[in-house]
Every structure is written in structure tokens, then in C-alpha cells.
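Step one of this worksheet: look at the structure below.
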Amino acid sequence: MDRAFRKLTHGLMLVGGLGIIVMMINITLDVVLKVFWNAPIQGTVEISSYYYMVAIVMLPMALVEYDDEQISVDLLFNHFPAWLKRTSLLITFIATAGILSVMTWRTGLDAVRAFKVGEVVMGSREIIVWPARCMLPLGFGLAAVAAVLRAVMLLQGKPVTKLHETDSAA
Amino acid sequence: MSMLAIGWIGVGSLFGLLALRMSIGIALMIVSFVGISAMLNMTAAFGIVSALPFSFIGDWSLTAIPMFLLMGFIAANTGLTTGAFDLLKLLLARVPGGLASASVGACGLFAAASGSSIATTAAMSRIAVPEMLRAKYHPSLATGVVAASGTLGSLIPPSILMVLYGIFTEQSIGQLFIAGVVPGVISALIYMGMITVRCALKPDLAPRSAEVFDTRRFFNLLWSVWPFPVLIMGVLGGIFGGFFTPTEAGGMGATLAILIAILRRSLTWDAMRSAIRQTVVATSSIFFLSIGAIMFTRFMGLSGVPRSLTDAMLSVSDNKIVIILMVAALFVILGMVIDSIGLMLLTLPILLPVLEAADINLIWFGIIAIKLLEIGLVTPPVGLNLYVLHSALSGRVKLGDIISGTTWFIAMDLLTLILLIAFPALSLFLPALMAG
Amino acid sequence: DNYNANHFFAERHSMVRGPYVEFAKKVAEETNGEINFTVFSAGSLLPPASSLQGVRDGVAQVTYHAGTYTPSELPIDNLIGNMAFYNTDPLVMAFASTEFGLTNPAQLAEWKANGVIYGGGYSTSQYFMQCNTPIRTLEDIKGKRLRMAGGAWSRFAEYVGAVPVSMPSSEMYTGLDAGSLDCAVAAADALDSFSLKDVVTDMNTLAIGNYYAGFEWGYNVAFWQSISPENRRVLFNEMAYYLAQHRIEFDKDVAKAVTSAQENGMTVVDPDESLKNALAEFVVADEATLIATAKERGIEDPEAILTSFKAIVDKWDGLLANVDTTDVDALAQLARSEIYDRIDETTYGVY
């Protein structure tokens, strides 16, 4: 379970990584073509914003959650006794899974709606954006699963944070 | 329960959730969702979830953030900037905290090309901080200096924040840009002064380089120094030459970094792969937090907390200086939990009539306001510069160290603010000169 | 009761200060505080692309919406919104699009399908090319980078051999300053409101349409149905007034901005024949594109919709020729007698 999920999230992260390289190449080519030949790549702004960026942000989200890379403050937490640390983490994981499920559900509905109307945006060209919308429920949803798995690992006594103190406490 | 009460309870709950080590993005989302449901209804709360993430991520000008992060990671992973910093170390060996002061200068230079503080921080954090850590600088100094100097991005023109302020208050964007130059330079100089004095008094913050100046080593280094100036000047020159916009500059900078690394034969597959991975993870976690932050800004706006606080603080007196000091307090307090653009948009409609009634120059006020909004970028829990830096360093420096490192710089910002308030000419004489 | 009003322009813009800020005050007075709008401007409540969704979900009870952000949701509105060159008198287009939005059955069905009650329209002033280099002839425009509002405007740029560039409005200033942009195509109040007068040296008065897609006031359905018919009539009356008022204020802001830019040294030139002819040819050629796009989006008979819209435009062209177009009350009276008074506040939007 752990290995399969890690593989999946890692794969999605790589797709996000591909997005970053393609975005860089696209922007660079657009500038070069614009400066030298007055022939920009139409749609660069829209595709960068709605596809590359959404991929870069959403696809690695599950891995970020799973690997404890989300940004949090552990100033107080570090001084908690072990039982309180475990309780805090459990509450955190459940709440995380909860709100991410809300986000998944609602952005999922949006994706369905966007698909039904064939959502496009109007830049200098019309760009279809509904496929990009699907990356939101995917990212939020898998991140919610990651939070649930972390809760399970916590209950099994496995390490769930990058902090050594917590690892020994848990 | 009144909406206002729900708003304040929301602020309190946010800090409670953060104490549990909940991720900041998640805590902001939960409080906003529950708060909006309580104030309006569930449909409206779902509406916010629906409206914000996609349009926030899909904002073209934000593409500069991952692109500049990538530029920084590539530069760092291929040792692009090591030569320049070695040279600086040699030249500034006798100056206490020389590398930190040099980083302030580099940030200021980069700020002259970039319109965004976060992009400036993203670009400089990976370039400058590891070099300072290598020179055994204290982590909180090495990170604090870049988190704080990154805020020069909005004070030194060009500046997206000034453009928005100009549009909102109908002030000339050009005048605002010119007005920001001197305060930007003063901020940088005050940072450098503080660094020098602190490092002289506490040498273990920034150990003096034991290197003796050696002409042969100097010329050797001079040869290895070129990538850093070429990278920075390439980005600056491209923007000022009209070849690309500050947003496109991100992509161009990343490409340029790769080209330089290829030329130096230092681009390895490993360096590239880890740069990409680091960029993706940093971008995802920063944007995740930002989605929470903009949801929370909406929750605050709907609750009326900023409005009521502004009204209460402005009713104290109609004296110019008192009003400015009240605004300063207001922005510092609300700036902890509300993002800078959101804070400006939520409070300016209430502030403007008061400022105009008190006959306060709006260019002068704009510079003070931007300086204050920038402080919000380095104060937790919603202080994006802190997190950009934290993510750019892949967690090598603890968030607590970064936060404590910025406190000295915030103190210096307050000093700069006192100067700007006491001497309006610091902001206004250049614009007046240009206007003839 | 307290409700939320949303606009993504800045509070001092002519489309917000009258039609939202003053409007909210007047509505509160006239309804004895039963409808109290809190105005959120500059996107501080909803991002521009999501205002339609936001008002449907009840985040806001009334909002402005720029129709071209949602071409697939609002195909009919986009069809007529892209007809920006048929008649370029902003006053005519503001009144005509309002009548069309409130009365055309196909358009009403489209609003209903999107969960919004259409209240009234608007129009910006004419779009002009504001450049950092002289543009006098068709030859001058070739290869120039123009920041366009998208859609028909971008097609026009390509038609005349220019390069349409997408960029956020917050980057126009630096783009023109550094030269990564040659012209911004926008209503000329941008010379002031976006400070373009500092960086623009030449303005060409070729009237490249104006923007009126979407609506100035769209209401949340549950809100609209929950208020009394008397209060709906108050809203109708105030919208009629501010429909007229925003047009006059917008043009005043443009005139002020152009005058002060000219004092700053900006040159204003009229288009030569080559440019005028190119625009005229484009308008004819583009109608086929509009119709084809509308059909792709599932509109059965776009020709009929265009014909009925053109009839309303022509009617208003005639009606407005006979009034003092600087008199807000006279214009508001016309909007009431010709549009709003003919709508039944007990049944409109109640379903």
C-alpha cells in the first residue's frame, strides 16, 4: 500500500516536473520568436497559467503531504509531551483529510460542469481549459488520501514526520 | 452571533490550529470554510472553494515564482554563483558580515528588475543563502537577510504592489516608482549598517574569513566569477531593453542559468533532476499555503474585521501623524494574517477618505503603506517570504530560525519608517525634481 | 439586511463609484435599510473570472461580470458582446445591450441556466490604441505588439498584421515603458487610471469598438426572489439612473485623462483612410467568424439573434439622437420609459 501510493505520487510529481521544463521552454521560445520574428506563440500566457502552473501546483500535492513537506510551525509542538504530540498529529491528519475532501468534492463538481459546457478561456486565442480543471480534484483528492494514510501510520506507531523527536515519540 | 465576532473567533482559532502543527495552508482553509459557512451559509463557503484555487493558480504573473525558483536551484546545484561569492569573501574579508551585506545589494539589484517581492526572494534565496551557510554564517542571519531584502522587490521600482496602489488611489504610477527609489536605497543601507554593527559585536554570527588577500587567487577567482553577473545582467538587461516583461523574465532567467551551466560544463543530470524536484515541491507547498491565505482574506473581508478595526483606529484623532501611526499599527497587526494585496484592497476604501480629509500626500502615504505591507511578508503566520525561503532551502534551515532572523530586519524597517514619516522629502523630492 | 456587492474594478472607477458605491447608498435609503449592500471592489471578494459562479453560489448578491471570461457558459452574450464594431457609440451599446439582456428570450434563458438574474448592462468608452510610437497608417501598425482585450479585438490585430499580446492590465505600464509592448488598446481613461499618460506618446482615435459583454448588475436568484416587488422596483429605478450616469461619468473621465495627457505632450491623431478601411473590411469579414463560433457553441440560429440585437441597436441609435446626452435625468427617464417600466417587477426573475 505504502509503496504503491508512493510510486503513484512520485509519478505525478514527475509529471509536474515535466510541466516546469515545458513551461520554461515555451516562455523562452515565445520571447525569442517575438523579439526576432514578431511571431509569438499565441496562447503562451493561457497555457502557462492554466495548464503548466496547475500541473506544477496540483500534481505533486499528494507527495508534498505524504512526505511532510507542507509548511507548518513546530515552535510549540516541539515542547509537547509525547501523548499530546500524537493527539495533535491525529487531529491534524483527520482535519486535513476532511478539508481536502471538501476541496476535492467541490473542485470535482466544477470539473464536471466545465466539461459539460466545454469551458474555454479567451486570450488572444480561445483555449480549452476544462481538462486542466480535472487536475484540482486529482491533486486535492490524493493529498486527502495521503493524510488518511499518515493517520493510519501514526496509529501503527510508524514515523510520520521529519522531526526526530516526534519519530521517537510516535 | 455577529459576523464580526465570527471573524475574531476565526483569527483566534487559526492560531490554535497552528499550535497543533497543522500545516498553515490547511489551517487557513479550515477556518475560512467553517467561518464563511457560519456567517453566510454552506453554499457560499463552497462558492469560495470553487472560485479561488483555479483562478489563483491560473494567474500569469505568478508563473515568475516557479521559474525564478528553478533559476535559483539550477544556479545553486551547478555551483554557478560560488565563484562570485568566493570573490566577495576575499574582497570583503575585513568587513563584518560582508557576505550578508553583499546579499542585500544583490537583492536590491534584482529588485530593480523584478516587480514582485516573492519572485525576488525566490530568485535570491537559493543563490545567496547556501553560500553564506558555507561560510559558516549563522543560519538565522543567512536566511533573515534574504527574506527581508526580498521585500525590496516591491519598494524599488518596478513594483506590482505600487501599480495596484496607483490604480486604486488614482496616483501616478510613474511618480510612485520614482518615489520608491530613495526609500529602497535607505532600507538597504540601514540593513547593511545593522549587519555590520551586529557582526562586529558578535563575530560568531559571521566568522571572519581567515583568508589573506592574495593577488594570484584574486585573478583566479576573477575568471570564475562571470556566471553570476551574466545571469543577473541578462535578466535586468532583457527587461530594461524591452525584450521581455518582468513575468517572462522568470522563464528567461531559468533558461539562461541552464545555458551558463552547459557552457561551464557543470550541468549534470543529477543537478538538473534535483533542481526540478526541488522547484516542484517548493512551488506546490507555497501555492497550497497561498490558496489558504487568499481564502482567509475573503473570510476576513466578509466578516468585516478589517473594516471595523480600521474605523476604530482612525476615529482616535484627525492629526496627520496620529493617522499614519494608526495605519502603521493596523497594517502590522492585520499584515500577520492577511496577504499584502488583500490587505490593501480591503482597507484602502476606508482609509482614502480619511487620508484625503487630513490632506495627506498620497504618494508619500503610498511609499509608507508599501513598506508596511512588506513587513507583513515576513511576519508569521501568513508571511510568504518566510515560506519561499524555507521551501527554497528544502527545510535545511528551521522555520523558527528564519523567523527569528527577520526580527532584526523588521526592527530596521521600523527605523526606516520613522525616517520616511519624519522626512516626507525622502520620498517626495525625486518625484518633484522629475516633474520639474 | 446586509448583502454583498462585488466589482473587480477599483472603487474610484466610473463603473464602481456611481453604479456600486452611490447605488448602494441610495438603495439602502429607498428601501429603508431593507437592502444594505457592502461593496467589495477590485476583486477583493471574487476574482474576475469567477464572478458569475460567485453570484450564483451566493458569495455576492449582486456583481459585475465581464462576459468574455465565460465564453462557453454565455455563448449568446459573447455573440453580441463580440459585435463591438457594428455601432461604436458607447451610449447606444449600453442601452441596447441592457434592453437585449432584459428582454430577449434566448438571452434570458441563458441567464437562467447560469443561475443569475440580469439587472442591467453597461459599456466602456471607445477603445483606442495608446502607444509609445506613432501609429498613423495601416503600414505603421504592422508588426506592432498590441495588448488586446481578446476575442474580436485580437482577431482585428491579426487582420491588420499586428501582434496581439496577452498580458495582465497591471503589466501594461511597465510593458509600454520598457518597450515590450507598443500599444495598449483600452478605453482612454486608462491614461489616468493606469497612469499610461506617463508612457504613452501617441494615441490613435480609430474606434476599435467598446466593451459591454456580460452585465453591470447580475443578482443572485435566491436574493432576488426573497426581496419584495417594491424593492425590486427600487433596484430597477436606481439601475436605470446609474446606467445613464456611468456613461456620462466614464466619458468625462476619458476627456479629463486625454486633456491632461495632451498637456503632458501626448499626440492625438485621427486614423487615416487605410486604417479606417481595414477596420471596415474586418467588421464585415468577422461576422462570419462570430456566427460560426456561436454555432459551435450550440446556438441554433445565431443569425436571428444578431438580427434582433441589431434592430435594438438601431432603435437606440435613433432614440438617443433626440435627447441631451449630457443630461443624466433625461437619459435615465428614457431608460425607464423604454426598458425598466415595461418589466413587471412581480414576475421578472421569479420562477
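Labels A, B and C are assigned to the chains in the order they are written; within every chain, residues are numbered from 1.
Definition applied: a residue touches a chain if its C-beta (ideal position, glycine included) is under 8 Å from a C-beta of that chain, and two chains touch if they have at least 3 such contacts.
Source: prediction; values computed, not measured.
Of all chains, C has its CA centroid at the greatest distance from the CA centroid of chain B. Among the inter-chain contacts, the highest number of C-beta pairs connects A-B.
Chain A and chain B, compared by their mean Cα positions, are separated by 23 Å.
Centroids built from CA atoms put chain C at 37 Å from chain A. Residue positions 46, 50, 58-60, 243-244, 248 of chain B are each in touch with at least two other chains. Across the assembly, chain C contributes 49, 166-167 as residues in contact with two or more other chains. Looking at chain A, residues 45 sit in touch with two or more other chains. For chain C in complex with chain A, the residues that touch the partner chain are 49, 68-69, 71-73, 143, 145, 148, 150-151, 154, 157, 163-167, 297. Within the complex formed with chain C, the residues of chain A that make contact are 34, 38-40, 42, 44-46, 117-126. In the complex of the two chains, the chain C residues touching chain B come out as 2, 4, 10-12, 38-50, 53-54, 56-59, 166-168, 170-171, 173-175, 178-180, 192-195, 198-199.
Across the interface of their complex, chain A is touched by residues 17-26, 29-30, 33, 46, 49-50, 53-54, 57-60, 62-63, 66-67, 70, 243-244, 248, 250-252, 254-255, 276-277, 279-281, 283-289, 380-381, 387, 390-391, 395, 399-400 of chain B. The touching residues of chain A, when paired with chain B in their complex, are 13, 16-17, 20-21, 23-28, 30-31, 35, 45, 48-50, 52-54, 56-61, 63-65, 67, 69-77, 88-89, 91-92, 95-96, 98-100, 102-103, 106-107, 109-110, 129, 132-133, 136, 162.
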